[in-house]
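Same chain, two partners: chain A is paired with chain B first, then with chain C.
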Partner chain A sequence: MAGVQVPIGIVNALNPLSPWIGVLVTLGVWSFLYKENPVFRICEHAYVGSAAAHTMVTTFANNIKPGLVVDIAQNGEYWRIIPILLGCMIYFQPFRGYTWVSRYPMSFWVGYNAGYNLTLRVAMPLLTEVRRTMLPIFVTNNGRFDLATSINNFIFTGVVTLTLAYFLFSMNVFKGRAGFMIRTARLVLMAAFGAGFGTGIANYVSLLIGRFDFIMSDVLKLF
Partner chain B sequence: MNLASMRAAVAPLFTSWLKSDSNQISLASFLLFGFFAALVIYYYRVATQSSRPLPKLRRIAGLDAIDESIGRATEMGRPVVFNPGMSSFSAPTYGALAVLSYVAKQTARYDVRLIGCFRYPEVLAVAQSTIQACYVEEGKPDAFRTDDMRYLSGDQFGFASGCVGIVQRERAAAHHMFGSLAAEALLLAEAGAAAGAIQIAGQTNNLQTPFLVAACDYCLMVEELYVASAYLTQDRLRTGMLAAQDIIKVILIALILSGTLFVTFGSTLIGDLLILY
Partner chain C sequence: MNNSIWQKAASIDNRILYIIMAIVVAVPLMNPIGFPIVFQQEVLDTVELIRSFPAGTIAYVGAEVAATNAAELRPMMIAIVQLMYELGHKIVIGGFWADGCSLARLWAAPFLDEAGAVYGEDYVILGYRPSSTSILDQARTNFIDAFSDRDIGGLKLSEMPVMKGLEKASDLGYLAIMNPGSPGTATYTTAWRATGEVNVIIDCCTSGMYISSGNNYQAGLTAGLIGGLNGAAQLEQLTNRPYKAIRSMDAQALGHLAVIALLIIGNIGYFQTKREEEAK
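Entry: the complex of A and B
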């Protein structure tokens, strides 16, 4: 947390307690696996509250304070007053009768994001991806037919085109005999999601192991 | 005229402008982008003329289930919890807000309580205005409760734990998760399942879609989220935009297939044209 100074005495006093707080909060959150209960509720509210406080302090220390003190006061970048004013206008939202004031910065924000995202840069990666999908279906390696790569390329091109076809919403291309396309595309998507699910679960299990390791080894010193 | 001479002919015209601040934009992408824009404008014009027919959209089960979930909430007298995702203003968030406006209209119409969970204050402000407008449109401005639009935390898992708690404590009958979700997707979906809520998710993160497919009753995959507003409102303009996008996709499919055919027979012509200056 750059720019935020915490008194060293407080840090020293809390240091021995912090692993135990970590253990208690971990167990408190896990108690949700049984059902929603007061212990989980305490942990949840403590987490949400401390996260909000952390965001507020870091935003003030890293953005607002340097913006006011360094950029405007010291460097004389007075144009930065405009976004500050726009930001302040948002605070009119709760005041009935003045809500309209808050709509100006919001519309500016929404418009800016829409414009920023709608640029020519969107098209180029798309074409690069299209180009990379163009793979030969009959591949030869040192003059010999490479069956494995050929099948791989065929599956790759087929899956990409079928998936693209699946996301056609206004064309009735999947009726009648062509209906197998949507079924195949759905199967292909589900197979891909299945593989993704397995990988994701492996990641979650590694997080769980990390947490067990923290409790058993770091705090309880059992291993 | 071969490819090299084509490049040589157009290079002076475009390199100085298109590659002025980066070398990421090619002539082909510029032309294609222009063509796509023209196509969208054409369909916009078609959509504004009510006499001209537009294609019908195919059925999307996840979007049909939104009405079912709100109906269930009405019968049970329990709230609908809506989560517009983890990102600030981005394409998935705009998609989520479009769904939210439909959900808000339905909840206002059937007097169902709608609770919103937000990670970003700017999204909260826009969503609040959107929902308020929907309640006014349905003739029930007083039914809108500002207290139910809740900013939780800017921290990813702080936000997730807040959502989990709300879904459980409020005993949500329906849990809608749209927009951009990340590692917290499974946490949210599990909490909704534990609360017995009917869950509908729609998001664009391929890494998280498998978890939502597994844990939710209905899941909109990737682009289905962007179709939601056109599908739910059956608005001609939005349907027209979708028809234009579908033509673009068909062009891309044709490019891929023809390019594959060319490459298989030893020619990289189509691939090269795509990166032509």
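Entry: the complex of A and C
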């Protein structure tokens, strides 16, 4: 069934303990808020180690093992050896004199990603956003002038124009009276950074709620 | 040296601030106040959009989650898969964060099982795969082969009834992607939306991603948007399944109020101290 078989007895013995390990590690990491200490260091290193191990195990179980055992050995799909060989060639990088071997899979990978990103990531999302930015400033709805939408569109297109103007570094065209555009753009950017900082704070508060919920609800069953 | 009250306010010890935040968040979690939940049009539209798909539609849930996003994305994922199952949609859960699919098995699967969903018939969890770009690209032509024909437990996808009719990505009716960063909604937008495989992507983002997700929603790159704990609470309310998000809303509101209050106190303290020093 599972990619990596763990004796079920061990799993059952650890299950009741695992939430408490989570609580202890959370408190250990929080101890850093008071000051740097060995408990925090232990928790930090344990996290890095277990995260790396988890990624390695799941990658092996879900990809490497099915690929080698099932696809190649059982189903006889021998062409899959080619990408495996390409992948193995990357490990020649540390060997002086054979570094050139690792460049072939890297060039393949860079070429694939460059093509993929240029055609898909840039073309569709970017062009869609540009198209959606070109909004009418005078909007009519059922033959009548729609003031609210018009103001909204005016602010939206104005802010985009000002922000783009701010980043025209190589052309110093906004001098003298036109300098107000740059000053306004700076204000707009500061407002955007403030909004970004605000959502960041919200994210951290949610993180705190998540940990408290885990300790008080999932483990201690206080509510 | 005698410090004035404003000088003290401008330099409160960090440890006191941490204790204040802990109390402000923990107390309302245990004793909710019951602040009203205000619905956003985008969440109402998103729920209507999901409801517009007929029974039998195959929906893909991107479990792009980690334990750090549990407060926001756990209730969101649970509410959304419950709604999908209620509507008779087939659910395929996949993810490119190392612990995403394992967490989906811990978070969403128990609720689906409790509702009567059968694993392999009504839903499946694909398991973690590295390299989202190449796998999503391959899934455009052969979905099962892209995921090595194996689910999270090593069972063959090709033998599961839930996978019937899902040969390639374009067979998916819509996507609901938990979006805490990268890989996230942008990964799927590039791989499947830009290529025209799937036109309906619902962005279930964390509050930290709300600005960029809002831009994408406004630009029409995504068809639906549910943002942060607030969005999750609205989803729970709209689907009549109150769970952790509704309960956590009071803690979030008070936490934000505490941050605002501390910001105001700190700023007043800073300017008052400056004025006192200039007066000397």
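Definition applied: the second predicted complex is superposed on the first by the 197 of 223 C-alpha atoms of A that agree within 3 Å, B and C clash if a C-alpha of one lies under 4 Å from a C-alpha of the other, contacts with A are read in each partner's own complex, and residues count from 1 in each chain.
Definition applied: a contact is a pair of C-beta atoms (placed from the backbone, for glycine too) under 8 Å apart; a residue touches a chain by one contact, two chains touch by 3 or more.
Model, not experiment: these values are computed from the prediction.
In the superposed model, A:Asn113 lies in contact with both chain B and chain C. In the superposed model, A:Phe214 lies in contact with chain C only, and not with chain B. Comparing chain B with chain C, the partner in contact with more residues of chain A is B.
Using the contact criterion defined above for the overlaid structures, shared-chain residue A:Arg41 touches chain B, although it does not reach chain C. Of the two partner chains placed around the shared chain by superposition, chain B is the only one that A:Phe138 touches, whereas chain C remains out of contact. In the overlay built on the shared chain, the residue A:Val205 is in contact with chain C alone; chain B does not reach it.
In the superposed model, A:Ile82 makes contact with neither chain B nor chain C. Of the two partner chains, chain B and chain C are each touched by A:Gly196. Contact with chain B, but none with chain C, is seen for A:Phe169 once the two complexes are overlaid on the shared chain. In the superposed model, A:Gly67 lies in contact with chain C only, and not with chain B. Shared contact residues of chain A with chain B and chain C: 51, 54-55, 113, 117, 120-121, 123-125, 128, 196, 200.
Touching chain B in their complex are the following residues of chain A: 29, 32, 35-36, 40-41, 43-45, 47-48, 50-52, 54-55, 90, 93-94, 99, 102-103, 106, 109-110, 113-114, 117, 120-128, 130-131, 133-138, 157, 160-161, 164-165, 167-172, 174, 189-190, 193-194, 196-197, 200, 204. Touching chain A in their complex are the following residues of chain C: 14-15, 18, 21-22, 25-26, 29-30, 67-72, 74, 98-99, 102, 127-130, 133-134, 137, 148-150, 152-155, 186, 189-191, 193-195, 206-211, 215-216, 218-221, 228-229, 244, 247-248, 251-252, 255-256, 259. The residues of chain A lying in touch with chain C in their complex are 1-3, 33-34, 51, 54-55, 58-59, 61-63, 66-67, 70-71, 112-113, 116-117, 120-121, 123-125, 128-129, 132, 192, 195-196, 199-203, 205-210, 212-214, 216-217, 222-223.
Of all the residues in chain B, the ones that touch chain A in their complex are 18, 22, 24-26, 28-30, 32-33, 36, 54-58, 60, 88-91, 94, 121-122, 125-126, 128-129, 146, 152-155, 157-159, 161-162, 164-165, 168-169, 186, 194, 206-211, 213-214, 221-224, 227, 231, 239, 242-243, 246, 249-250, 252-253, 255-257, 259-260, 262-264, 270-271, 274-275.
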